[in-house]
Structure formats: structure tokens, C-alpha cells
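As written, the chains take the letters A, B, C and D, and residue 1 is the first residue of each chain.
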Amino acid sequence: MDVNGLVQLLNNIAKVLHEQADFLSELDNAIGDGDHGHNMDKGFKAVQERVLSNPDPDLGKILQKVGMTLISTVGGAAGPLYGTAFLRMGSQLAGKQEVTLQDLPKLMEVAIAGIQQRGKAVRGEKTMLDALIPAKEALDAALAAGKPAVEALSDAVAAAAEGVEYTKTIKATKGRASYLGERSIGHQDPGATSSYFMIRALRDTVAGA
Amino acid sequence: MDVNGLVQLLNNIAKVLHEQADFLSELDNAIGDGDHGHNMDKGFKAVQERVLSNPDPDLGKILQKVGMTLISTVGGAAGPLYGTAFLRMGSQLAGKQEVTLQDLPKLMEVAIAGIQQRGKAVRGEKTMLDALIPAKEALDAALAAGKPAVEALSDAVAAAAEGVEYTKTIKATKGRASYLGERSIGHQDPGATSSYFMIRALRDTVAGA
Amino acid sequence: MKKLINAVESVVDDMLDGLVAAYPQYVRRIPGTNVITRAGGPTPGKVGLVSGGGSGHEPAHGGFVGYGMLDSAVAGAVFTSPTPDQVFEGIKAANGGAGVLLIIKNYTGDVMNFEMAGEMAQAEGIEVASVVVNDDVAVENSTWTTGRRGIAGTVLVHKIAGAKAQAGGTLQEVKAVAEKVIANVRSMGMALTPCTVPAAGKPGFELGENEVEIGIGIHGEPGTHREPLRPAKEIAEHLTQKVVDDLQLKAGEEVAVLINGMGATPLMELFIVNKAVHDFLKARGIKIYRTIVGEFMTSLEMAGCSVTVLRLDDELKELLDYPAETPAFRQGR
Amino acid sequence: MKKLINAVESVVDDMLDGLVAAYPQYVRRIPGTNVITRAGGPTPGKVGLVSGGGSGHEPAHGGFVGYGMLDSAVAGAVFTSPTPDQVFEGIKAANGGAGVLLIIKNYTGDVMNFEMAGEMAQAEGIEVASVVVNDDVAVENSTWTTGRRGIAGTVLVHKIAGAKAQAGGTLQEVKAVAEKVIANVRSMGMALTPCTVPAAGKPGFELGENEVEIGIGIHGEPGTHREPLRPAKEIAEHLTQKVVDDLQLKAGEEVAVLINGMGATPLMELFIVNKAVHDFLKARGIKIYRTIVGEFMTSLEMAGCSVTVLRLDDELKELLDYPAETPAFRQGR
């Protein structure tokens, strides 16, 4: 994937988050403060304007700018978390003009590590990590099994979707939803859901859909 | 009229104001702040407790205490106005143990003068004066014509009633109702109405009704 | 009626006790009365300042008792003038031997009850003077009527006359400066929602979801007219225009501005109103020397605001900046 | 939604401008940002104090910028944490060379955004420390959760840490006293009515005419439970009991009390609540050294209140009494 591919991916993410903004905010309304979808939409609109309209040839720079933009526009919890994830992926890709499927596990690893460092959450606390970590594990397994790109990514998407389902069954212990205690059970986590949409957009972009 | 008579009169006034409290407050609600009836009721209840339960042999003292009690319990505009009226009548009767119909014009004169001095209103401004002044004039005329007590007092009651009717036709230029300007026309004045009830109670007491 | 109260009958009593419990360093309550007076008062040799009125206007008036403002504040029942005997107690507690000024809001009941109290005090040898505040331009004035009502501008009279008295002014001087403020202060208010007198249990008027009431007083009574809700800027401009017109303010003049909340208006909204008032005045070349934003003369839980403008000269500026230490208004001592 | 605003999009902007227009003697706005900072700041050699959070809590936080309290306050959108770049601007404006303390309310978003800003500042050579306020006992605490929320107690952290910094404390000392306050302050709130985020246009929850919500936060979210409206005394006692239990307060200890209105509560009701809180504490032999009653950490136009109790020692008492001059809190300088 080159600069054009990355720009297309980020545009696709922006598109799906825009389409799902109301849905994500509604999810957040049930167990948080109802702003997740619109905050993410605002952030990726800013990414389109500030980063994608005139992209850097350096993939690392692009991702770093995406991170900075998300951090300075999204606000709330998701802004710093996704922002940090993109910043870390940007550092990882610094100077690169091309990225391959083989680079992806490492990119996801540093992204997840960034989110965990920032948010101090682990798997099972009803956060975006419950979509991201399973997706990364599924990807690792698929690559170890020598699956082709789209198939491997589809495994990741399926694992993320399962992770989102799993968040319905658990109590939130991080983020705003944790104030609800037991009452958070039964609702799916908005951040896990937006993570799922991003991974799905990656698969769809690679599949050329 | 002796001490017992005066006590009976004041009890009768207390009774009618209690019965008419809601009505008077409703009148006040339309063009004021809706408290006239209950404020007057509260005041005359206090008169019953503090003055009438153990009356002074001196009629002047009784009326002075009534005035003081009204002043310290009624509040608003009516408290000082009626309070002053009773204080002035008390001074007029100082040392007396008996009062006759012949004393009444002078008593009304000092009462009205007190109200005017305190409230700086004249006839025709939609206040209690629009019941009291006509009543006093009717009484003067009846006494000049040599009418007997109950008949003379009935003339005063009729004049007060006419005065109340008259307040419906004019704009308030004193008191809280004056803030309504033209919108006060069509409503009868609560203070004129309570004055009418007091004069009627006097007639009824004298008539032994 | 949804209120944090214990019982309709005890609201004034509980409120006064709660005020004194909170700020014993500034105020005390005279036992057996509804009079709030200075913790250490009266101040010998200082002119005493007494104000008050019906309750329901908190922090007015008890919240303004303290250094640089009032000496006593007398509370009546909700929206009902206190009686003369209560005001008389307030006068006695404020009397430091240099005379007492009564600051009365212009309502027939208030004027008469305070004047009677003044007469009682004079009969006991206390020198008493009084001023009547009538800043509400919503109500038309004429020599033949009761005149304009007294509303939020009263607080500026407390502040400035209080400073003059604290600084050692004589009764004549304190009265004169109070009258100067009254001559130069005008206000106008509006409501987003009505309020409910506890004893009545229902609101004084009804407003539709999209209606506001313009020209309201501070006793829950309806205003001069009703209109659809407009942007804050337009509402603020309308109120300020009325006030500025009545004051005949000209470019180059200096003013103080008081943006007063009616009881339930969040500060966010008052600041938004303030911005519009400032923009309006500045565009007309009127200089804003001081601004005060907050809830000072309220009408129970009414939502809305009033705009007050006071024309200043050097004397008023100096007194406005004089230190004050009261429960509800404090500044650099 | 009935509000004195111009447009949903401009509420924060208009509010900040209105604040600065009202109190230029204390605060200014850094152009192009949502940062309120001291009019004459930064103060060379003084530790800088920075706080902030979503808007809708006015006068928090911009109203507490000034002598003896904050140096900068950073405003986010309504109920949304400000972003790190904005907080970074606030830090730079607060930096007098002696380091900067961030006072953060405990919400995941606030904590992360402020921490990131702190890292940005450190990267530029500014010494930064931070404390996280978590006074709300309505939310249960455990090492495995996000922990308690930060609510009205934050204002006492501003006051006391601000005094320490103003008095010349080092960053370590200021941080230490802020942490002492945090360890000893607890709050709990309730609502009579919900509030409406302007962008949402409808209330965060619905309450019946006779229902109140107990254990609410300051973002319009529902509380821990709902119950019928009871006398103010009972509600106040319930809140105070929870706070006192959590603090494990014992007879003979000294406290400060903050009775905070949620935005639309008239002072009359707050004073009535205060009386009940005082009676409750006194009956338990707890000494009340200072009380503050008013609207300090609000939730838009929500009606209701919170009760905050802070356990005091000599150091905290002295700092609580230290002078302050800000738009929303002033005392003897």
C-alpha cells in the first residue's frame, strides 16, 4: 500500500464514521455521554481537510498528522486514545513510502500499546481494546497460517465483531460507562464499535471494495 | 356602643374577612399580587388573639392596639393603611368607654385622613378610599337629615358598595395595580372591597344582625 | 411545585438561619425577628444603612449586609413587605449614633412600612432619612402614579451608599450619593420561566415552550408583553436600548453594568447576555467602567435576567471600587 | 430547549467572551483558543495552576482564574474535555518559570487530554505535575475502576492550592497540599430537574413532577437512584451522611462546607439546605470552620445541589482564608 492507498483507506474510515456517527453516539448515550460518534466524525473530517487534502509522501508523517489532528479535534477519551494509536503507528512507519501486510501486526501492536499506556486499561474492561486485541490476535494467526491478505484481514474483522458482541456481556470498569456499574451490562461499547468499523474499512479498502 | 359592643364589632369584622379571604385574594390576584385577603385575615386573627381576648376598658386603647397589631402582622400596603386608620381612631377615642353614632363622622374623618397621609392617594385612584370617602359623605348626609342609626349606616354601606362598583370603571394610579395601567380597568379594587365589608359589619353589628 | 424546602411556612425562617449559619463572620440574626444585621454591628459613629423587602429575592437583602454595604436587612414573607416593627428592629441594630438611611424599593407597601418604622425610630431619637429606588424602566413613570418599581439597581445603591457610609460620610452625604445613584440607574428584565410563590403552590403566570415575558418585575407578576424566544443578543439589545434611552446616555459617558440573573439562570447564559450588552454599549461609544454578572436580585426560581446600567462620575466610580465584605458581594479590602 | 443563547455552535465562544468582557481586571482570553488566563499573567517565579474541563459548569473554571486561585482555565465544548493543544496553551500562559500544576477532574477524557498536554509542555522544558480530583462519593471506588468522579470539591482544590502557590510554595509543596485536599474532600449531589446540552436539544433524563435524582454527576447524566421529593432537611442529611461516612469524620474534627447549586437553584433553597447540613454536622460534634454557599460547579440549568465537606487542619484553614480575587470567588485581600 502506497500513499494513495493510505489516503483512500483514511477517506474510507472517515466515510464510515460519518455514516455511523448517529449510531455510535446513540450507543454512547446509553452508557456514556452520547458524543462518541459525532466526536469521531468531527475528528476524521478534520483529518480529511488538514491531512488528506495534501498528503505527505512519507506514510509515517501522514499517520503522525492524523494522530495530531485527532488529538486536537476529537476531545473526550477517544481523542487521545485513537490519536496516540495513530501517532505510534506513524513513528513506526517513519520515512516509509510503502507498507505491506507483513508490517500490520507490528503497527497494531504499537497502536494497542499506545492505547494501553494512555488509558491504562486491559482486555475485558469494555473498551475499544476488546475489539482491537482480538483482531490483532486473529491477524497474527492468519498470517502464521499463510492466509492471503483479504482473508487474513477478514479474520481480523470477524474477531473485532466478536469482541464487540463480547462487550455486551461485561461490566465497564474503565471510561465513563464504569460509573453505571452493573447497569452497563447489556450494552455494546461505542469505542469497540468504532474500532470494528475502522478494521472493516481496512479490509474493504484492501479488497478494493 | 361600649367595650363589649366594640369587641363584638371587631369580631364580626374578623369573621367576614376570614370568610371573604379567598375572594379578596382572588380580586388582588387579577390586578396585584394575590395576598390581600389572606393578609387581612392573618391581621384580624392576630387582633382577636392579642386584643379582643382580654380587652382594655378604654375604647381608644383597644383601637390603638388593633392598629398596632394590624401594622405588625398584615404587611404589604393594606397593613400600614388600615393600621394607621385604627391608630388615628384610637387617638380620637382616647380615654372613652362609650362611643355614639354622633362620634362616627369624626372617627371616619381621622381614619381617612390617616390613610391619605400615609398613602398619598386621593379619591378616584382605585383604592380603599373609593369606598371609604363616599361612605363617610353618605353618613354625614344621613345624620344631617336626622336619620336613625341603622338607616344612616345603611346609607353608608350602600355608598361604599357604589364606590366598589366605581373602582371597576377606573384605572389604578396608586398601589401595585397601577403597574398594569389600562389593564387594571374592569377589575374591582380589593382594598375598596375589604373596606366595604368592614362598614357592612358595623351596620350589621349595630342592627344586632 | 418542586423546591428544596422543608415546609411552606418555614421558608423565610430556614433561609435566614441558613444564611447566618454560612456566614457568621459577616452577619447575625436578631433573635425573634427576621432582621439580618452585621456580626459586629452597629458601628459607632458610622451612618447605618437599612434595606429589605419581601423574601424570595436572595441574596437580596441579607446577603448584602457587611463591611462596605448594608448594616441591617429586614426580610418579609415571600414577596410581602416586612412590617414596621421588624424594620424598626433593623434600624435600632444599624444605629451607630450618626443616623440611619433607609433604602426602600418603590412599592407602596415597602414605602409605607419603612416610613412608619422610620417614624417609630425618630420618636426614639434616632435620626432617619430614606431614599426610594425606582430603576425599572418597564413600568412607565408619571407624577400621578406610584412610579417605576425598584429592582436590581437597588444593589448598586447598597454598594455605593454603603461605601460612602463606610468611608465616614454623614447622613446627608450618604443620602445624597444614594439619590445620585437612583437618578442615574435604570434596569429592565425578562423571564424565560415564571416562578412559584411557595404559599401559592402554582406559578404566577404561564409561558409557552417558545415564549418569553418582557418587562417583568421581581415578584413573579407578568411583564409588559410576551414574545417568541429570540437569540440572546436580540433580547439583550432590546433591554439595553430601553435602559439607555431612558438614561439618555451619550457617547463618551461612562457606566457600570449589572447583568442580574432572576434565580434559575446559569452563569453561562448571563455571560452570553453580557457579551451582547457590552457589544451594544461599545458600538454606541459608551465606556464600561465596571461590570458585575451574577444573581443579586432574584425572583425565586424564575429563569431570565435583567440588565442594569448606571451612569458614573468620579465619585461613583471611587465608591463602586470601595472594598466590600458581605455574604454575596465581596471585593478587595 | 429554552436558553438565553445565540446559537448552539457559539455558546462556549460567547460565554468566554462575556466572561472576559465582564472581568478584564482579572482575566483575559488567549486569542484563537478557549483558554482563560490571568489578566497580568504569568507571574514570574510563581507556580502556575491550570484547570479546566468541558464547558457548562460555569463559573468553573474560567471564573476561578485570578489572584490566589488559578492561572489558566481551559474550556472544552459543553461537557467535553478540552484537547491537549488547548491545555498546552493554558500551561504556557500559566508558566512563570516555577513549574505548573494541572488540577484535573477524574474523567478518563480529562485525565488523558491533560496528561498529554503535560507531556507536550515537558517536552518544551516546562516542569509539570498533576493531581486528579475524585470527590464524588455517589460513585463507588475501587482500584479496578475509573474511580470516583471529580465534582464541586474541585473548587476547594483550586482555592487552597491556589493560595499555596500565591504564597510562594514550590511545585512540590503546591502539589502536596492539593493532594491533601483531595484526600480529605468528599461531595455528593442531587437534582430536582435535568439539564439540556445545547447540541442535544433535549434533557439527559426525565423526572416526574414529584421525583428527584440522587447521586448525579455534573454532566446531566442520571444518578444512582431516583426517589420521591422529600423535605430539604432529609435530602441534605442523606447527602451529608454519605459524605461524612466516606470521610470517617469524627466528633471534634473541623471542616469546611460547600453548598453548591447545580445551575438553576435559587439561593433561598441553598441556604435552607445549608441550615440542615449545619444542624446535622453540629449534632455530630463536627466543627464548621468555614462555609461557602452558591453556584460554583454547575451542570447547565440543572436544579439541585451538592454538599461538599473538607476535613481541615491548620495548614488548610490558613490557605482557605488566604485572599482571592477572581470573577467568581473573592475574599479579603
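Following the convention adopted for this analysis, a residue touches a chain if its C-beta (ideal position, glycine included) is under 8 Å from a C-beta of that chain, and two chains touch if they have at least 3 such contacts.
None of these values were measured; they are calculated from a predicted model.
> Determine the set of chains touching chain B that also touch chain C.
The shared contacts of chain B and chain C amount to nothing, since no chain touches both.
> Please give the pair of chains with the highest number of C-beta contact pairs.
Per chain pair, the contact count peaks at C-D.
> I'd like to verify one number: the distance from the centre of chain B to the centre of chain D, where each centre is the average of its C-alpha atoms, in whole angstrom.
One centre to the other, that is 57 Å.
> What whole-Å value do you get for the distance between chain A and chain B if each is reduced to the mean of its CA atoms?
Inter-chain centre distance comes to 82 Å.
> Rounded to the nearest whole Å, what is the centre-to-centre distance of chain A and chain D, using the mean of the C-alpha atoms as each centre?
It comes to 33 Å between the two C-alpha centres.
> Round to the nearest whole Å and give the separation of the Cα centres of chain C and chain D.
For chain C versus chain D, the centre distance works out to 28 Å.
> Would you please write down the residue numbers of chain C that are in contact with two or more other chains?
Residues of chain C never touch two or more of the other chains.
> Scan chain B for residues touching two or more other chains and write them down.
There are none in chain B.
> Which of the chains touch, listed as pairs?
So, checking each combination of chains, I get A-D, B-C, C-D as the touching pairs.
> What part of chain B is in contact with chain C in the complex they form?
Within the complex, chain B touches chain C at residues 33-35, 39, 71-81, 83-84, 118-119, 173-176, 178-179, 181.
> Which bits of chain C are touching chain D when the two form their complex?
Chain C residues touching chain D: 2-7, 11, 14-19, 21-23, 55-56, 58-59, 63, 192-193, 209-210, 212, 229, 231-233, 235, 257, 259, 263-276, 278, 288, 291-293, 295, 298, 300-301, 303-305, 325, 327-328, 330-333.
> Which of the residues in chain C come into contact with chain B in the complex?
Within the complex, chain C touches chain B at residues 76-77, 79-86, 107-109, 112-113, 115-116, 139-140, 144-146, 149, 200, 217, 219-221.
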